Amino acid sequence: IPELIEEALEKAGLMKQLRPYIGGTGQIRNETIRQILAEFWGTLIFQMFGGSAPNKDTSAPAANGFALVAAIYAFCNISGGHLNPAVTFALMCTGHMKWWKGLMYMCAQILGAIFGALIYAALIPQLHIGGGNSSPGCFGPAQGTNWSEVFGWETMMTFSLVMTVYASAVSKPGHGNTAPLAIGLSLYAAAISGGPYTGASLNPARTIGPAVVFVCNVGVSFIYIIAEFFGAACAAGLSIFLYGRNPDLKHQ
Amino acid sequence: IPELIEEALEKAGLMKQLRPYIGGTGQIRNETIRQILAEFWGTLIFQMFGGSAPNKDTSAPAANGFALVAAIYAFCNISGGHLNPAVTFALMCTGHMKWWKGLMYMCAQILGAIFGALIYAALIPQLHIGGGNSSPGCFGPAQGTNWSEVFGWETMMTFSLVMTVYASAVSKPGHGNTAPLAIGLSLYAAAISGGPYTGASLNPARTIGPAVVFVCNVGVSFIYIIAEFFGAACAAGLSIFLYGRNPDLKHQ
Amino acid sequence: IPELIEEALEKAGLMKQLRPYIGGTGQIRNETIRQILAEFWGTLIFQMFGGSAPNKDTSAPAANGFALVAAIYAFCNISGGHLNPAVTFALMCTGHMKWWKGLMYMCAQILGAIFGALIYAALIPQLHIGGGNSSPGCFGPAQGTNWSEVFGWETMMTFSLVMTVYASAVSKPGHGNTAPLAIGLSLYAAAISGGPYTGASLNPARTIGPAVVFVCNVGVSFIYIIAEFFGAACAAGLSIFLYGRNPDLKHQ
Amino acid sequence: IPELIEEALEKAGLMKQLRPYIGGTGQIRNETIRQILAEFWGTLIFQMFGGSAPNKDTSAPAANGFALVAAIYAFCNISGGHLNPAVTFALMCTGHMKWWKGLMYMCAQILGAIFGALIYAALIPQLHIGGGNSSPGCFGPAQGTNWSEVFGWETMMTFSLVMTVYASAVSKPGHGNTAPLAIGLSLYAAAISGGPYTGASLNPARTIGPAVVFVCNVGVSFIYIIAEFFGAACAAGLSIFLYGRNPDLKHQ
């Protein structure tokens, strides 16, 4: 079958044009482009299933935790599976990501989250773009929760998520093939406990995506985003004390 | 004990007849037959426990996700544990399955799903063959969900499932012994989020099995099936860009 | 601290008596005794937490599935972590267990289940020995479920559990450190789907333990037990076709 | 980015003062300090998300089980990830921890639990320090459960948790990267079954932390604590019979 497709492309004259960018097996030659694609699609999938989950008991925590597990497994071979600008930011702080690549990752993640939210805006009946604060996937303080409590929860939850990332997937030897599971279960637990107060975003892309698509809680989104980056920076700091920053920094 | 059984078979004259097909330890000599058997039984188990689960909160997503985890673990050593014609189709597109073997896998999967549905038709009180649209395991659009939404959900859910399959179990080095877990948790998350709209099939065999046994939603099954194969083809396309198609294609 | 304990034991003259049975580090010298102990304690823990779980939505399936995961992880290094006479029986059929050792395992498992049920009989307020059919951990057909349906469910559920055991933990290379997880999730899924009809025992020790302690459903327990051994035997048969019986049979 | 931070620190004259304690990559030179920090932060995270989870169906068991999984994964590279004085006590009994280091671990764990409870005291609306017996994370017997039942449940639950720790993470070869998962799922199962009677603490730090912060059930906390240490000691005893105590005891 793949040979039939290739022949068809050949005839259409496309193969010739693609050849400089695409290797003999069809793989994109440029590693950075593969990584950007992986971050985009991974965050899109995570946003789509995590953001549209029904908000009841363990349903949303399980959907978010396991969608993150699956999306990291699905793309970590290519890009490391950050799927979260706060994770990427922490890795930039500790010298594990070059700053220009980190910014590209973040753009891909935010775009992925926007498209993920757009897709379920289209696929959920009665839901549409600009649906407002009650749209699925939108983050805002629960009734009775004030801004400093939101800030504290998002900081602590992102801190614990990013510490799990460092221990499992960044430090050596880490936890190998179980790393994505560890990271997703960290989100699962945080979402059960902090979810009733903030919705449990832990991820600037997940905050921005639905805010853009549904125009929801825009005035409060910046609190989430600052808290998430702050929690990630704290985790970066602790991880420097525990593991040290990237020793190969100069060569990167 | 196994020696007693062997002796009994010997006396019955069966061992002689079986000898050409069965090795010294009782294993079937032909690898393809073992693989077909594995796909049949794996899909049967997946259909039986996934299809009969009560449709409440996380019950059905957990039963489907974990039944898939267990069934892949139980049979992936033998056949790769596709248990899903959409997965097999994607692997045919990327050159990881020969087309004739892929078709045999698909037949085994569909037969397994039909028998799985037959078994719980027998084992659930008050349920019987031809039970109609409300029978357990039947897929149809939820009230208020239209056909294009069903198509979109099934495409996206199957896409994410098959991407997880490629990253975990097809690409090298993949995720080793955690691959079945990654794939099952991908289904778990998708079933929580997309389940309320389409029932979350993601699998043509799972769509066809109950449709045949309970004669349910037959008019709409083709939408599910097309969407599932389409989502799988999209995942095959992205995985070619990220990993390349099977480089050993010629020798297979 | 361990040296203080040793000294105390020494003074009490116990060390001298224990020396022939206990090695320099305190480990019991005889491997079979260690294995019997492991099967006893493992099944006790599994019965205690699995049997006493509240019967609501995913609570009982999760408690049973994860208690089994934990108990297998806790004792599989020592005894293989069968914790189920049906598993032991299957392994006897395929030549992976000597028959006399298998019988010892089964006794340890049944005793463990009885003690596990005794413990929660003591620890749950208002519950006592001989509490009858509604006692926690007792298995009986749900209202409207007949004996042949119970037989079918228990057969199929045990079959899928034991197939997972063979693929994960018996066949080579198996699934290494994820095997206990695979087996426990197989029980989790089965318990969601078949639990509403039979309670989902899948394990003669789990059937016998509470039946003895609470004198419950005694007339119907034999159906469960026969079905469980039958399902295990079917799995043994299929696993011979797929993997072959133990090739080292003669030397065992 | 890390270089910018270093330069800033350099200018502030801090680097010079820190240099004796902190290595070239920013890592703290002293291993014991790293371990104490890891136990403190790990228990803080575990207390924070485990203790604040809503007490409904599988919500609290999942939050506690998965928060423990994540916290062990996040810190086991550094300190072993005990996060529980009962675990540390057991390891002291079997010669795997020096007594002075064990006491330091315990202090770090208890402090971590106190800070964890303080944090959610601040972050949960309407909740405050000294909130009394109904505060989240407080352990006390359920209505109708007497002290000996509490003692029995906590003993058995801690016993099963610590046995899983020994098999997965202490004995050789153990269960490698899946050990944290095994331990967390052991807590998950125990919390479903014993949670309705005692709240399922299994951990003296988790008992003390909220008792100190919310002044709750202080009169009954000692029962929990004694039972937890007793259960851990029993597990240490059984693990000596099964695996032996640490053979490198003399050199430690």
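Quick notes on this one:
Note that the chains are named A, B, C and D in the order they appear, and that numbering of residues resets to 1 at the start of each chain.
Going forward, a contact is a pair of C-beta atoms (placed from the backbone, for glycine too) under 8 Å apart; a residue touches a chain by one contact, two chains touch by 3 or more.
Model, not experiment: these values are computed from the prediction.
Its C-alpha atoms fitted onto chain B, chain A is found rotated by 90°, rounded in steps of 5.
Judged by shared residue numbers over all numbers used at their interface, chain B and chain C contact each other through mostly different positions, with under half in common. The mean-CA centres of chain A and chain D are about 29 angstrom from one another, to the nearest whole unit. A separation of 41 Å divides the Cα centre of chain A from that of chain C. The set of chain C residues touching two or more other chains comprises 57-58, 62, 65, 177-178, 181.
Looking at the complex, you find that chain A touches chain B at residues 1-3, 5, 22-28, 34, 37-38, 41, 45, 48-50, 52-54, 56-60, 62-64, 66-67, 69-71, 73-78, 119-120, 122-126, 177-178, 180-181, 184.
Per the touch definition, chain C reaches chain B in the complex via residues 57-58, 61-62, 65, 92-95, 99, 144-146, 149, 152-153, 156-157, 159-160, 163-164, 166-168, 171, 174-179, 181-183, 185-186, 188-190, 192-194, 196-197, 238, 240-247, 249.
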